[in-house]
Amino acid sequence: MWTLAIELAYWQQTAIKLVVVALVIPTAALILGYVFLMKMMSFMQSRLGPMEAGPYGTLQLLADGVKFLQKEDVFPRRADRYVFALAPVVVLVSTFLLYVVLPMGPDAVVSSLDAGLFFVLAVASLSVIGVLMAGWGSANKYALMGGMRAAGQLIAYELPLVLAAIGVVIQAGTLDLNKIVLAQANGELFGWGGMGFPYILTQFLGFAIFLVAVQAELTQPPFDMPVAESEIVGGYQVEYTGFRFLFFFMGEFGTAFAFAGIASVLFLGGWYVPGLDPASGWFNLIGPFVMFIKIMAVSALIFWFRFTFPRLREDQLQKLAWKVLIPLALLNIVVTGVLKVLV
Amino acid sequence: MSVTEREQRAFIAAAAADARVNVELETEGMTLNIGPQHPATHGTLRIIARLDGEQVVAAEPVMGYMHRGYEKLAEVRTYPQVTTLINRIDWLGSFANEVPFILAAEQLMEVEVPPRAAWIRTILFELSRLANIALFLGDMGVQLGALTPVFFAFRDREFVLNQIEAVTGGRFHPNFDRIGGLKDDLPKGWIEETRGVMVKMRTFCDELEDLLMGNEIFEARTRGVGVIPADIALSYGLSGANLRASGVDWDMRRDNPCGLVYDQLDWKVWTHPDGDSFARYWVRLQETREATYMVEQMLDGLPAGPVMAKVPVIIKVPAGEAYVATENPLGVMGYYVVSKGDLGPFRVKIRSASFNNISVTPWVMRGVYVPDVITILASLYFILGDIDR
Amino acid sequence: MSDTDVTDTDVSEPDAGDAAEADPRHIAAVATLADVLGEAMLDHHSQRGELWVRVHHDSWQRAGYALRDDLGCRWFDFLSAIDWLPSPFGRDMDAEQDWPTSGPPARDTTITHGVAGGETRLQIFARAAAVEGNPGGGNLAVTLKADLPNENPAIETWIPVYAGANWHEREAWEMFGIAFIGHPDLRHIYLPGEFEGHPLRKDFPLLARRVKPWPGLVDVEDMPSTDEPRS
Amino acid sequence: MLLNQFLILSAVLFAIGVYGVLARRNGVLVLMSIELILNAVNINLVAFGSYVSSISGEVFALFVITVAAAEVGVGLAILLLLYRNRRSVDLSEADLMKG
Amino acid sequence: MRGIGMLKGMGVTGRTMLRTLFPDGLRKPVPAPSRGAHTVQYPHVKEAPVTRARGVIGLHHDNCTVCMLCARECPDWCIYIEGHKELAPPRRPGGKPRQRAKIDRFDIDYALCMYCGICVEPRVRVLRAPHRRPAARRRPAGRLDGDGAALRDLRAGRQRQAAQASRSVPAPSPPEHSPVTVLGALVAQNIAFGVIAAIMVFAAIRLVTTRNVVHAALFLVVVLGGVAALFLLMGAEFVGITQILVYIGAVVVLFLFGIMLTRTRIGDEEGTDHAKRLPAVLAAALVATVTIYAVVTGFGDAELPADTRTTTAEVADSIFSTYIVPFEAVSVLLLAALIGAIVIARRN
């Protein structure tokens, strides 16, 4: 593997990687927001979507971002100032931490933790704290209900998320995301290894449960009770204005991008593309583009659900999680375990 | 699967008892204000719901935010001026508001309307039904969280509104009906255009049937939610699709067609035994399709002739009382016109459909969950102008 | 009423009520109401497929039960009231400019009643219909009327008869000042809490027309001297 | 890194936890202080585990975490029951058993 | 939950997207969304109003004879007319000069006007005109101004989107607890330990002194986060991540639920501390000094080995080999706690 011309000290590498990640997340949120929330949704509703800002409305989200920034930062009078102010930061922290282990290439990862996947699932549960803080801090009945609903939902859907991912871990034998990608690159299905072996072929049930659980973690329809516009008018985000609401917006789309990334790493073979030797350094360059295409594919599916389905009720949502998703995920683990041992 | 009335009563009683007595997690009630300014209320209706956790113990609507006092205003205006007033009651299907009032005045004056005027009136009546119910079909989706159906509804409703505007000059407030006939005749080429629009409306109904009706989530959210048995619906005076969804086979257009030409068409009255939110949506969807077939039949059989009867220029309606009600898109709307023989009516009692349709909500919302409050409100389909007059 | 034949002396028929046209169902309905209510049924009138029956205000609830159970009119349509006093303000279509010298024209204040007569100024009327049975055959609908005493208009509530009457009675109380005996929570339904006065009564002025002078200004003073055309 | 750094820090946390348990009347706050104590213990476990470079330190830390989670669950259930009967979670009022 | 209905629903949205993107069907897949969509880009493209559209009322000044019919007929009383009478030249030479009414002011209060079109009705009824053939046989002076564009502006719902495109992107805050890998120079570790320890002690003190219960829970989160960071500092990756998942993800949420269900007030709670706190402080101080003295004398300058990184595999192996019995015991304990908590909390 060829090395860079200059030798960077360890902490300089981490600093550069952090800056890259810090820039990638807002742009990822903007791209995702624009392509899907603006354009794909409009085409599905036979309209054009924003066309005024920039060519074909590409700068619309930038304009929104600036609009949010210059908006007044309003605090409800009876709100708990610190809790209200800190809530969006906590949600954003959990989004940023997700990107620490997301591999875009053999070396293009901030720090390839040994228990990478476990770290992702742990950090995903951090946003619950932020949501509860937002719900409680804004001293508003609708926000409190939104916060309680969000907490119940995120906790209930953490389990199917973890169990769905365990199927892949059993098959790959490791928790480190880069090693999972390599396992998918070199593995072969019933002896034929030509096209590499993305785990979606055997783990399709796991992939389905993972997508449903991601839909719930992102509080998107059909699971958007916490921010149900027609019932509790925006849920825990109801009192937020200005850049704090921008944090929530960026948090939501940043997490969507991250979860789509993790889904493509676990099930679609990550940055690997058949026809190239997985160990070659070239993947550091083309890896991000491959990952971007796969992420866009998975996000298209996520947002397609979002624009088509109505909303479930909380008790139906909990029933779906505990009575349908978790048993299915356990069944998937058992089958994968048995097949792993036999084959 | 049809929910028998006894089962439903047991469900409501159990849910209500459960909400009132059971203190599973001791959280004393919270009064939630589904306020006058809320996306789920078509306008300014406020629901004060006493909650126990997520369950509603008691819900009580508060109205009057949009009360314009039409009955008092009507007493100081002449008959043509009252028509401009009353087509703002149900502003979605506004031609349908004018018709019963004009029919009542014509009944008092014993004026015979030329057949072509009666046919055009019925065509425009059904077109305003299409415009009104199409919005409901989309709006029910958005109340339950689906974003796309409402855009389909607005997109296809635009064609119907263009047709109404081509004839009457106004998309929302046509003001086209006169005592003794209509203001004007149909423009040239309008009939062919309307046939095309009817085909578009039918594809809209099919699309919504696939998008919402078949959807398991939609069924899970609406089946068995807000069940109104037939006798409760009758005693509260529900009308229109809400009544037919509870299994009562009654339609003013078929049972007493006063001035319109429904008896010369062949069409079917749709009913559904369950009486829950799903049934109400289903009945309205079938009625929209039925309306497109009726309009096509009427376009075929439109007689020639004048559109205005011989009516004196200064209209003084002879003294007397008349009550005429027609099957408006929202339900039965009727005008009880008392006249003492001068230029304006002496007293007009406006019987609006949504006022009765909403009076059943305190009964039906005991013990339901908060999201179901929104589903029930959306399925009862009211317009605020209709409630507050 | 001892004898069974029905006295249909519509004494206060304003126009020539053609009794012959009354369809058989109305006659049957009036007959059943007569023997249930006896002399409480004061007057009835049938015209163009509509049946009006005026009952004494004491037996208003009894008439309601009869309507629902004996005649099968289980669908409650509406309940409201009429104030028969002609409006002391006329119809506000003429402004002060129209009568600069003579002052407002004299308004007649004699109370005349509509169909099926009436004695007092306030009259309550409700309508119910039998909707089940013969689809397509037109259904029986009866409008019950009752006169309310002039001093304190009060009448029994119809809530046990038709649950839907609750809101209609609240509206009638608010708009006409009719007290409903036995109504659980008589409070304002449309008007703000502290509103006094009953708007739909004829003697309640319509402020919109009082505040704004009528725009139809008519140029009434006579011509300037007619010697030469103004330049 | 000195082993003592971790031990002193956990001692300080332990002391703060003890103060919390003794000085607080609100049940939820007492439970939180107990959590503080358990975490101080955890730091010690892992510190000694890595000092003698054996894995048992971490394993025991895991067991302590699970026990603590179970303890909070039951503790909060009891507090809820207390709240339902007494309308407050003030532990000093729950002195029915005091002689 | 059979999925067929949902797939059909996705089919509908998918088809609409394709029909908007490729209006000429998939055989000629040239993307032309502006033609496929049903919407019109309002400010640039304006739809022509219908011939009969009732627009803004206009007046033919010379035809008006100030007969006031339209003012009287208007339901909203929004037409204001003032006129005066004057003499006009006689029609026939030598005839008597005729009286003509001239209009001075014709205003419509567009706040009230609802474009009902009654004032331009061909058969305007004259309210009080003496009963001769009304002069209104001719179309009245005010004719319907067909200029729909003004109308279209008034009634157009689509407001222009003001778009100021400027490129300032908010500077995101770098992650707080980015795990520092253990191998770095020892100096970095000590700095990290110092910072984390200070934050944790401050948070712990605030936890036990604050009167706002929710703040206490959030300080607990900070402490737990610090402990997780320390675990990562010491290389115990798996335990650190478990700490985040179990403690911060679940236990603190349980606390917040507990706080909310016991109806604590938004601001400060009164009566969270005992009146006399001195003995508690003394006890805590005593415990602290005793342990610190024992630790300092016991492990004067014991050094932690440089690379103490343990992998998940090692932890897993030891759990399922040497510590299998406590593992099973803990799982049984968890089950008991689960059922116990539900039985206690659920009343009936």
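The chains carry the letters A, B, C, D and E, assigned in the order they are written, with residues numbered from 1 in each.
The rule is simple: a residue touches a chain if its C-beta (ideal position, glycine included) is under 8 Å from a C-beta of that chain, and two chains touch if they have at least 3 such contacts.
Quick caveat, the model's predicted, so the values are computed rather than measured.
Chemist: If you check the contacts of chain C and chain E, which chains show up for both?
Modeler: Common contact partners of chain C and chain E, which must touch each of the two, are B.
Chemist: Per the definition at the top, count C-beta pairs in contact and tell me whether B-E or B-C has more.
Modeler: Looking at contacts between chains, B-C has the larger number.
Chemist: Taking every chain's C-alpha mean, which one sits closest to the mean of all protein C-alpha atoms?
Modeler: E
Chemist: Going by average Cα coordinates, which chain is farthest removed from chain D?
Modeler: Taking each chain's C-alpha mean as its centre, the farthest from chain D is C.
Chemist: If you average the CA atoms of chain B and of chain D, how far apart do the two points sit, in angstrom?
Modeler: 62
Chemist: Between chain B and chain C, what is the gap in Å from one C-alpha centre to the other?
Modeler: It comes to 25 Å between the two C-alpha centres.
Chemist: What's the distance between the Cα centroids of chain A and chain E, rounded to whole Å?
Modeler: 20
Chemist: Would you mind pulling out the distance in Å between where the CA atoms of chain D average out and where those of chain E do?
Modeler: Between these chains, centre-to-centre, one finds 39 Å.
Chemist: Could you tell me which residues belong to chain E and also touch two or more other chains?
Modeler: In chain E, the residues touching two or more other chains are 1, 6, 9, 12-13, 16, 38, 127, 238, 242, 250, 257, 261, 263, 345, 347.
Chemist: Give me the residue numbers in chain C that touch at least two other chains, ranges are fine.
Modeler: Those would be 93.
Chemist: Counting only residues that touch at least 2 other chains, which ones in chain D make the list?
Modeler: Correct list: 80, 83-84.
Chemist: Taking the complex as given, what residues does chain E use to touch chain B?
Modeler: That would be residues 1-6, 8-9, 11-13, 16, 38, 50-54, 73, 75, 114-118, 121, 123, 125-127, 134, 261, 263, 345-348 of chain E.
Chemist: If we count contacts the way the header does, which residues on chain E are in touch with chain D in the complex?
Modeler: Interface residues on the chain E side: 186, 189-190, 193, 197, 200-201, 204-205, 207-208, 213, 216-217, 220, 223-224, 227, 230-231, 233-236, 238-239, 242-243, 246-247, 250-251, 254-255, 257-259, 261-264, 269, 271-274, 277, 279-281, 283-285, 287-288, 291-292, 295-296, 299-305, 308, 310, 314-315, 318-319, 322-323, 326-327, 330, 333-334, 336-338, 340-342, 344-345, 347.
Chemist: Mind pulling up the chain C residues that touch chain B in the complex?
Modeler: Touch residues, chain C against chain B: 14-15, 48-50, 52, 74-78, 80, 82-83, 86-87, 91-93, 112, 114-115, 125, 127, 131-132, 135-139, 143, 162-164, 166-167, 175, 188-192, 199-200, 202, 204, 206, 208-209.
Chemist: Within the complex, which stretch of chain D touches chain E?
Modeler: By the definition above, chain D touches chain E via 1-9, 11-20, 22-26, 28-29, 31-33, 35-36, 39, 42-43, 46-47, 49-51, 53, 55-59, 61-63, 65-74, 76-81, 83-84, 89-90, 92.
Chemist: List the residues on chain B that touch chain E in their complex, please.
Modeler: It is residues 22-28, 77-78, 80-81, 84-85, 148, 152, 155, 158, 162, 165-170, 173, 175, 183-184, 187, 207, 210-212, 214-220, 313-315, 343 of chain B that touch chain E.
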